[in-house]
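Dropping the structures in below, format is structure tokens.
Below are two complexes that have subunit A in common, paired first with subunit B and then with subunit C.
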Partner chain A sequence: MNHNVVVVGGNRTPFAKAGGPLREASNHDLLTAALDGLVARHGLAGVRLGEVAGGAVLKHSKDFNLTREAVLSSALSPLTPACDLQQACATGLETTMYIANKIALGQLDAGIAAGVDSTSDAPIAVSDGLRRILLAAQAAKTPAARLKALARIRPSHLAPQAPSVAEPRTGLSMGEHQALTGARWSVTREEQDEIAAESHRKLAAAWQEGFFDDLVTPYLGLAKDAILRPDTTVEKLSALRPVFGGPEGTMTAGNSTALSDGAAAVLLASETWAKERGLPMLARIVDAEIAAVDHPGGDDLLLGPVAATGRLLARQGLEVSDFALVEIHEAFASTVVSTLKAWADEEYCRSLGLDGAIGELDRDRLNVTGSSLAVGHPFAATGARLVPTLAKLLHEKGPGSKGLISVCAAGGQGLVAILEAV
Partner chain B sequence: MSVLEKAFHSPVGRKVAARAGLAEPPVLRRGRTYPGGALVLAQIGEATLGARTLDVLGRPYEAPVLDGGEDVTPGYGDRIGAVVIDATEVTRIDQLEHVRAVLRPAVRGLEGSGRVVILARPAGGDWEQRAVARALDGIDRTVAKELRRGATSNLVRVEEGATPADVASTLEFLLQGRSAFVDGQTWAVGHAPSVAGISERPLDGRIVVVTGAARGIGAAIARTLARDGAEIVAVDVPAAGESLAAVANEVGGTALQLDITAPDAGARIAGLVASRGARIHGVVHNAGITRDKMLANTDQSRWASVLQVNLAAQMRMNEVLLDPAVDGGVAEGGRIVGIASTSGLAGNKGQTNYAASKAGVAGLVEAMAPDLASRAITANAVAPGFIETDMTAKIPFVQREVFRRSNSLSQGGSPVDVAETIGYLLDPASQGVTGQVIRVCGQNLVGA
Partner chain C sequence: MGADTEATARREVRVTDASGLRTAFVRAMMPAGRAPARVPSHSLVLEHVVQDPARLAAYDRVCGFTLRDSVPPTWLHVLAFPLHVRLLGAQDSTVRLVGAVHVRNTMTLHRPVGVGEALRIEVHAEAPRPHVKGALVDLVGAISVHDETVWTGVSTYLAQGSHVAGDPVDLPRDHFEPGTPQGLWRLKGDLGKRYKAVSGDPNPIHTSRVMARAFGFPRPLIHGMWTHAHALAQLESRLPDAYTATVGFARPVLLPGTVGYRTAAHDGGWDCAVTTKDGARPHLLMRVEP
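What follows is the complex of A and B.
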């Protein structure tokens, strides 16, 4: 990269369950709130930034210019351009790389990468039958003809079609896919519940010690992540019924992420720009790699990041032990367990075209302030939550500390990035 | 709003209130505005300080009409805007007659939100001189109570050696609308070796830290100081972050979500300022809480939380921020402003903890001022009376209405009034004002 790209800081709203305390907020509202908090934290009101990239996985068609509209509602200069990107659950990390790459190329001095999702305000589509009737009514030349067309509406036509989280090519939901993967990699219920309990425990501790005081701005009266259950234990989690994988399944509502509402944003800049403005430089964006698997052909849907990790480490000449900290997005606890098992599996890694196993991870370095199981997972926001969190943690560890972020996404994709503390 | 409160503000309620002698309170002149009418200067004896100070401010003035014992009291043809009485050479009881002769026609002719400003000397000299100094105080406080339609009277004790440049910012503040809710007060101005000139944007490019900036008086302070050019570092507890961010963005400042009782609060603020390669011009310790209970019901925790937030926290922060070795600390020529309270100075039922903390703030700035003088850092406090904010909206309506009216301006103050007084203290031109506690209370009947 020609220019050093640094993470200056981040901001997000607290995350909450769908239908929870943020249910009245639209994607536009949430994204604006995340931007405004970021602007306030870094004294950027009225400043024209190079570009803002944001996105949402569940998006109303009226929000075709979601990010640009949020910029206009925010305290940033209205001369700040923006674009929408979308790469399923990797959106927030992909927007980060988009802005980072432009900064690296010298096309931007500074920009914001963001992501947002409101599962409370998901776009509801009407059925094809109803759409045909409405179109016919619109085309009718006389009021009588219009009435006649509308009279064909039946109650069944009115059932709204919420966006499904099923994979278009397999018809399986993400959870069902992960249940298959979990079985293939012999992931136990205990392993999953432990990861979930740890996620809540670590997130609660981080809130307790004020770690999020400069990463989160309260929104709509909600000051902390609402999904967090500080008193959750493995025992409590073990009592929950399985929701994926049939009656013998091991995946529950406790070890799977909840549908969530929230937005997150990262301020990225060239080192020069950050220095000129006297802004913090937490970590440098080193590199990133994207990969995909052939899940319609039977591959594990959410293990896309494994090949990406292997290729990225090989390109950078790094080993797993070189990373002080690792963030693996907890789509499901089972995803984290199977990812780590895949990292350590010589044969599997070779099947991905890698030279050998990626390696074993020291679990003490994993998701040290909790992850999506406890925080929540507004799809597009998660990457933009992870980047500043890891950057701040690495910065606290001292210059040169390296960290890895791994995010799985629908469509069998995986995005992985490396950060290094400044 | 309670039913009672709604009824009170209804048209019928207003009529009843008017008959009961509760007239609509006057609308006060505010902001960086001078009175509309003429400015009258009365120079008693050989005094020239007032004249020279008005010259510094570039304000033209007229000679006073004097009441010489005629049958009909002589008057001003038009309403006058303000009368400045330069009493710095008044040392004898018989000279006080001159003050009366000036004031009698002046108070009759004063416009709404007009001003009486008395320039005097600190108590000193022989017995009579000391008695006279106090006598002028008595005149000021009484005139303030008699004036109507939002006019105020205040007295400035100008120390020997203080120059017109030293006094200018104080006289400007008192004549302007910025001092709207400061009434019947007395404070001192001394000489400073170097003092900045008067400016419309005295805080241009200077960093000012305001704690408790998310709402109420703190938010008004942030806005007012930003108007005067300051770069605001707005501090409030993380839970108040949403409104804090809105205030910071509105004033083009920076939001810092921080509980001031955190042990590293001072260091966190200094760190933020240091990263910009800057130092702090002013710290406004505005964050404050109440936990009211009669002393008989006040437990340890109510006591501790109020003393921690309102007093101990700012002492700890001051220690860090005033350490010259700390990067991002208070610069030479900097400012510390505390927020006391009339309840603290006068005592208030049910507020022992609060009064202890707020009187403590007054004591703290008085103690700090001389110690910081060598670095040209001033330390002062403002003591708000009844100010209309979320804090006072919690007071039951009837009691609130009584509090509102129990001052010479018959109304609650606005957060802006507190903010403007703080802006005056932060002004680089106010270098000679230190160790003072200025009440912004409309001359509340309660207290000193």
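What follows is the complex of A and C.
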């Protein structure tokens, strides 16, 4: 990399449960709100930025240029270009790497990486059968032929198709996949509920300390993450009934992420650009690695980040103990537990082509301000939430502090990145 | 007695909520005949209007605004509009909403207004002015938050057939030059119904072909305030915190239909024109000034 890429700052909307306080906001509205907060915080109104990369997992077809349209609605100069990227739950981290790589290569001075999802505003499509009939009717040359085509419509065709979170190749939802992984790695209910309770406790403490005051801008009357339950405990969580893995399952609504609404954005720049403008430099983007598993062949769907972590650490010559802080996206509490077990498993790591176990993580360094279980998980936004959060935490620890972000994604993929405090 | 003294002496009538609006709507819809133009001298006040975020979201979707914490000034007009109806539906008004053509509108946003702010809305009518085609009536609205005026608006209606003594006054003439549109808005037939649902403007010439015909239009026409709002929505990110938007409604837009749009920056502000689709004749001319 030719240029040092720094995280200048971040901004997000508070996150909320689907159908909750942000239900009226579309992806466009949420993304614009996240961008405008970031612009206001860093004095970028009217500025032509190099590029904005954003994305959403659940996207209406009319939003083919979602990020560019949000830029046009934002206070940025309308001359700021943008693109949409999508890599399921890793989207917000992948947009970060896309912008960071362009800055590193000298193609951009500064840019914004973002992600948004609204499960309240999820696109509802017509069924495949109906679509084919309508296309046939449209192509018909005579009114009679058109009527004949339309006569094939059956009531079942009219049922709207809500977007599914099931894996196309296995038919299993993400939770069902993780239930298989949890059983394979002997993840207990207690371990999961502890992670969930800790996530809420740490997030509540961080809000209390004002940690998020310069990372979150209130939106539509919502000032804090609405999913957060500061008073939740392992006891309360242990009373919930399982939702994945059958009656004997260990995964509940409490230790799985909720369908969420929200948007996040992160401002990235070359060191030179940030210095010229007198803007903060929280952390440098060091490197990233993407990996995938063969889940149709039976691999653990959400353990993609393990191979990515092993390869990234090997390339950088780093050990787990070199990281002051680690952020592992809490898709499910079970994902975090199985990921850490996989890190420490010599045989599993070798099966991924690594030289040996990645290592054991000191849990005190993990998700220290809470993570997706408590914050919420608007799919594409999570990566762009994690980057500024970790950058700020590392900056507080002092120059040279290193941090790791690990995000699992649908399709058996995993993206990990390393940040280092400036 | 000066106008200022008159204004301070104006009797305020508090309206507690939207109740009774239906009757006022009906009366405001009744043609008034060729009476001398007379409007109520009192002002109407709605206290503590809490904005409904879901209705704002629906309004934004219909008009093309992004849903933000701060609301579009045209939304504030919509909140004041029931008082227009009520004022012109009062017993002592001979000017009716039906037959009154909204010819001009000016609104000033004095500062960003949050969707969470409770508003005091006041509307009064200025004395009718003579016009060659009838009488011009200005409905003047003011919206405040804790005694701070945040929005003011003047809606000028032409009450056709009504009359006022005196020499006719002219409306300001907006400068227009034909030009190629930068954009085309393809407006669907149901737009009037959609805007009615979010604005509460019940005028049936916007939704009913029969009623439109009764008033001499071949098809329903979209509300002028929708066209105003949609033109403003094109500028949304360029708009400063405080500004004045002035529009002249040149000719109605029929539904369904396609119109042209163009805009150009001028010393710190914007000029916008909504035109016929060939850009030859104006439907609405808007000037936005900081």
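In this section, the second predicted complex is superposed on the first by the 391 of 422 C-alpha atoms of A that agree within 3 Å, B and C clash if a C-alpha of one lies under 4 Å from a C-alpha of the other, contacts with A are read in each partner's own complex, and residues count from 1 in each chain.
Methods note: a contact is a pair of C-beta atoms (placed from the backbone, for glycine too) under 8 Å apart; a residue touches a chain by one contact, two chains touch by 3 or more.
Fair warning: this is a prediction, and the values are worked out from it, not measured in the lab.
Asker: With the two structures overlaid on subunit A, would subunit B and subunit C clash, or do they fit side by side?
Answerer: In the arrangement built by aligning on subunit A, the partners subunit C and subunit B clash.
Asker: Kindly classify A:399 by the partners it touches after superposition: subunit B alone (first), subunit C alone (second), both, or neither?
Answerer: neither
Asker: Once the structures are superposed on A, label A:219 by its partner contacts, choosing first (subunit B), second (subunit C), both or neither.
Answerer: both
Asker: Would you check which partner chain A:43 touches, where first means subunit B only, second means subunit C only, and both and neither mean what they say?
Answerer: Touch status of A:43: first partner only.
Asker: With the two complexes superposed on chain A, say which partner A:279 touches: subunit B (first), subunit C (second), both, or neither.
Answerer: first
Asker: Should A:210 be classified as contacting the first partner (subunit B), the second (subunit C), both, or neither?
Answerer: first
Asker: Per the contact definition in the header, classify A:75: touching subunit B only (first), subunit C only (second), both, or neither.
Answerer: Both: A:75 reaches subunit B and subunit C.
Asker: Is it subunit B or subunit C that touches the larger share of residues in subunit A?
Answerer: Subunit A has more residues touched by B than by the other partner.
Asker: Could you tell me if A:29 is touching subunit B, subunit C, both of them or neither one (first, second, both, neither)?
Answerer: In the superposition, A:29 touches subunit C alone.
Asker: Subunit B has the stretches 8-16, 224-232 or 350-358; which one runs into subunit C?
Answerer: 8-16
Asker: Just which bits of subunit A does subunit B share with subunit C as contact spots?
Answerer: Overlap of subunit B and subunit C footprints on subunit A: residues 33, 36, 75, 218-221.
Asker: In their complex, what parts of subunit A are in touch with subunit B?
Answerer: Answer in residue numbers: 33, 36-37, 39-43, 45-46, 75, 210, 212-214, 216-221, 223, 277-280.
Asker: Which residues of subunit B touch subunit A in their complex?
Answerer: My answer: residues 231, 234, 238-242, 244-246, 248-258, 262, 275-278.
Asker: Give the list of subunit A residues in touch with subunit C in this complex.
Answerer: On the subunit A side, the touching residues are 24-26, 28-29, 32-33, 36, 72-76, 78, 218-221.
Asker: Once bound in the complex, which stretches of subunit C touch subunit A?
Answerer: Interface residues on the subunit C side: 53-54, 56-57, 60-61, 66-69, 115-116, 236-238.
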